[in-house]
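Following this message is one structure expressed as structure tokens.
As written, the chains take the letters A, B and C, and residue 1 is the first residue of each chain.
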Amino acid sequence: MKPRVAVFSFTSCEGCSLAILECENELLDVINLVDFVRWREAMTETSDEIDIAFVDGSISTHEDVRKLQEIREMSKMLIALGACAHTTCITGLKNRFGMSQVKEIVYGPDGAQFDTIPARPLRAVVPVDFELPGCPIDRGEFLRCVRDLALGKKPKLPNYPVCVECKRKGNVCVFFKGMKCMGPVARAGCGALCPSFGDYCEACRGFVDNPNEESHKETLTEHGLTVQEVMNYFTLFNAYDESQI
Amino acid sequence: MTVRVIDKQGVRRLVENLQQEAKVVAPHRREGENQWAFQEVTDPDQICLEYVTTCLPPKEFAFPTRETLVRYRLGDPFAAEAVIQAEPIVLFGVHPCDIYGLQCLDIAYCDEHCDPNWVARRAQMRIVGVDCIPDEWCFCAAMGTATVDSGFDLFLNALGDGAYLVEVGTEAGEKMLAGLELREATAAEIAAVKKRLTQRIKRERQIEEDTRNLPLRFTGKAQSPVWEKHAERCYSCGTCVLVCPTCICFDVVDEVSLDLQEGTRDRVWDGCMLEDFAVVASGENFREERFQRLRHRHFRKYAYLFTKYGRPYCCGCGRCVRQCLVHIDPVAILNDLIAESKGGATRGA
Amino acid sequence: MALELCQCERESDLYVPRPTRVTRVKPQTTLETMITLQFLDGADLGHRPGQFVQVFIPAIGEAPISICSAPNPENTFDLCVRKLGDVTSAIHRLQGGEVIGIRGPFGNGFDMEALQGHDLLIVGGGIGLVPLRGVIQYVAQHREDYGEVTILYGFKTPAEQLFRDELDSWVTEGQMDLRLTVDRPHPDWSGHVGVITTLFPDLKLNPQRTKALVVGPPIMYQFVITECRLKGLADDNIILSLERRMRCGVGKCGHCQINNKYVCMDGPVFTFSEVKHMWEAI
């Protein structure tokens, strides 16, 4: 029997779940591998028996927490889809401020009545079986993930840094072009997308298992960044910090 | 064989002649400070023969960064076949260190089992060497690879103004020169090139030991503090081994089409500096610490393979330290080890 | 051609798996299953005990697995596999009749000729018994060539015991001394309790005639080797089989290296004297 798949969205731009719909050429093959039983963007039919739930967005209200717990209950496997669900991405930047301040900035003087809590990744609320990182997700990686699950394989992420993919592509390292890059500590899997297009890596996919953060902070400083700038490089996509919750 | 001279026009014609029969790749400038890469030649005027070194070594033309080894159709039974794609190719403008690197892979890939993909590509590969312009990271002179006497069909030594002394390495090389009407080199030209090579060798970075003794200098060095000292800032990013012309390691990954009709087994460049290189299915990592990986890499290059194949598996090209963001340097490591063991010997005496 | 390449025979199929039929599936425990294989063309694998093959499950991948049987006239061979990841789980899903792929045999295996005339002490910890089963079968087939054979087999709980229905025949037909132990007391177990080294004090062996063959999890080696040495065995006579990550199986990919050795080519079988100076080995 084909696995029953559902897609849910929390606080995010929903770009990651839309990225799935953009797999136009492959969508027919995907539908041969799995049954989509619930998907707000694409269909109205709903179902409560789910084999694999793909969930995008970070969790930033009490209501979100409750809904995510419900999804976890009815799903055999829960997969975080994209940086918001994985690291909170940009939505985590608000955690640096007090929540009352956030409410005021976002919703104006009447903001206090809104239900907002510090943004957190899915795994901070419920057990997560797999995380598909990236802002947005890499479509190829999503397709491989679906294929692997249909074949009974465990989806895996590379545990090496973006530099590896940069080298396999023969890119000139952007440090030689005067830029600074998070590649040496960032988790690969995107095919070194940004350096391949002349940009630098911002670690939108999070870090490798054991990043040498101290070393990289020193490297960035040696290349002329201030302490604050180094902080910004490290937190743009990876601001989530349990201790701020 | 007489030594001849090829001028700028001659080089251009040579390239054009070679392009008639083969794909020609040569160093080209890339964006960034002192960056070059081997690329297929479309316009011979874009070739840059005066260069320090390329980002990736030329081994990528016989051992691509990713290549399919096996293709299969699913079904009962499945049907698998080897995928071996080779075409005539000329590497134009290869430095001596990189020629040495290709020979290292010839030896390792043909030891006991012969890697069919490497051999097929190498069999159709011809090499035109060129002498080099060392920078502050090169140490080919110390490794004995500043010049090579085999592994090329032609070798070019710069005379200035785009002219080169041509050394012929093989019959195929002699044939490449057919119809080019080259003049003989003068004694003064030959002397000038010799002088430049000797001076160059003196200018480069040195290892404080006869390279032939390097494996000896590794004896008893497993517990040396050198490894932890140099590994402290290492990212385990693998750059040093991926850009190395003498590294041979790869991973094999499975790809299956989304319609589950066919699949491939592909090899991709891999290296022992990466954290998971020696992880087994039980989860155990046989080289868990950064220093253990750095140690293995150096033992492998200067001791294990040196002893096994009679030559260091490092050509001194300096790519590893040049591209390492924290400049972890085999020369510094070797000299630390040598100092340590010489110091030890004095104390013991 | 410009380059001095080797003159050896072209192995264009070096990386291509050979189609092989699963002729039998025999589950062992909740974690281990045994499959019997035969090449579609009926050819002989031509292996020695202790060698391994690369098992390819189409669409899934490849994994190195020890051959756990001795050569036989039917040209079949057995693999006993613990479920750990993608390939091994896919092997556990086999029902029999499927066609999977095999490359090999690879590695050196046990030198059964060199063991002739010796007493054998066979020590298997957990799944380590798997490659040793090939040795045991081989010795049973050529029983007169070998001296006394003692098998020590330890496992964590009685439920993890492998090859249950064969163990008796090793004793009766194979005339071997088989001693079992489980790590900790268990309601279903009335035999010896304790880690495998606790079987050593009762052993009587002639250190001059004995060769020990030891296979088990990494942690087991140092303890068992110490016991063997205490019994007077020379390091040359302690023989091990080691496991590392493998990709190619043919000495190219670099993954299986232990110091200067390739486990896939120089091993997986090593004498203790070969590896005792290698800090990455044990």
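The criterion applied here is as follows: a contact is a pair of C-beta atoms (placed from the backbone, for glycine too) under 8 Å apart; a residue touches a chain by one contact, two chains touch by 3 or more.
As the structure is a computational prediction, the values presented were derived from the model and not from experiment.
Peer 1: Using the touch rule from the top, point out the two chains with the most contacting C-beta pairs.
Peer 2: Chains B-C share more contact pairs than any other pair.
Peer 1: Taking each chain's centre as the mean of its CA atoms, which one is most distant from subunit A?
Peer 2: Here the answer is chain C, farthest from subunit A.
Peer 1: Between subunit B and subunit C, what's the gap in Å when you average each chain's C-alpha atoms?
Peer 2: Averaging C-alpha atoms per chain gives centres 38 Å apart.
Peer 1: Distance between subunit A and subunit C based on Cα centroids, please, to the nearest Å.
Peer 2: 43
Peer 1: Which integer distance in Å separates the CA centroid of subunit A from that of subunit B?
Peer 2: The answer is 38 Å.
Peer 1: If a residue has to touch 2 or more other chains to count, which residues of subunit A qualify?
Peer 2: Residue numbers touching two or more other chains: 151.
Peer 1: Two-or-more-chain contact residues of subunit B, please, as numbers and ranges.
Peer 2: In subunit B, residues 256, 260 touch at least two other chains, as defined above.
Peer 1: Two-or-more-chain contact residues of subunit C, please, as numbers and ranges.
Peer 2: If we look for residues of subunit C contacting two or more partner chains, we find 59-61, 85.
Peer 1: Which of the residues in subunit A end up touching subunit B in this complex?
Peer 2: Residue list for subunit A touching subunit B: 26, 29-30, 32-33, 143, 147, 150-151, 159-161, 163-164, 167-173, 175-178, 183-185, 198, 208-212, 215-216, 218-219.
Peer 1: Quick check: in the complex, which residue numbers of subunit A touch subunit C?
Peer 2: Residues 151-154.
Peer 1: With touch defined as at the start, can you tell me which subunit C residues reach subunit B in the complex?
Peer 2: Against subunit B, subunit C makes touches at 1-6, 8-17, 19, 40, 56, 58-63, 84-85, 88, 98-99, 101, 217-218, 243-245, 247-248, 250-255, 257-260, 265, 279-280.
Peer 1: Spell out the residues on subunit B that touch subunit C in their complex, using ranges where they run on.
Peer 2: 69-70, 72, 74, 76-82, 84, 102-103, 106, 108-116, 119, 122-123, 125-127, 150-153, 169-170, 172-173, 222, 248-252, 254, 256, 260, 263, 265, 267, 270-272, 277-282, 284, 286-287, 292, 296, 299-300, 303-305, 307-308
Peer 1: For a test of understanding, state which residues of subunit C touch subunit A in their complex under the given definition.
Peer 2: Subunit C reaches subunit A through residues 59-61, 85-86, 89-90, 93.
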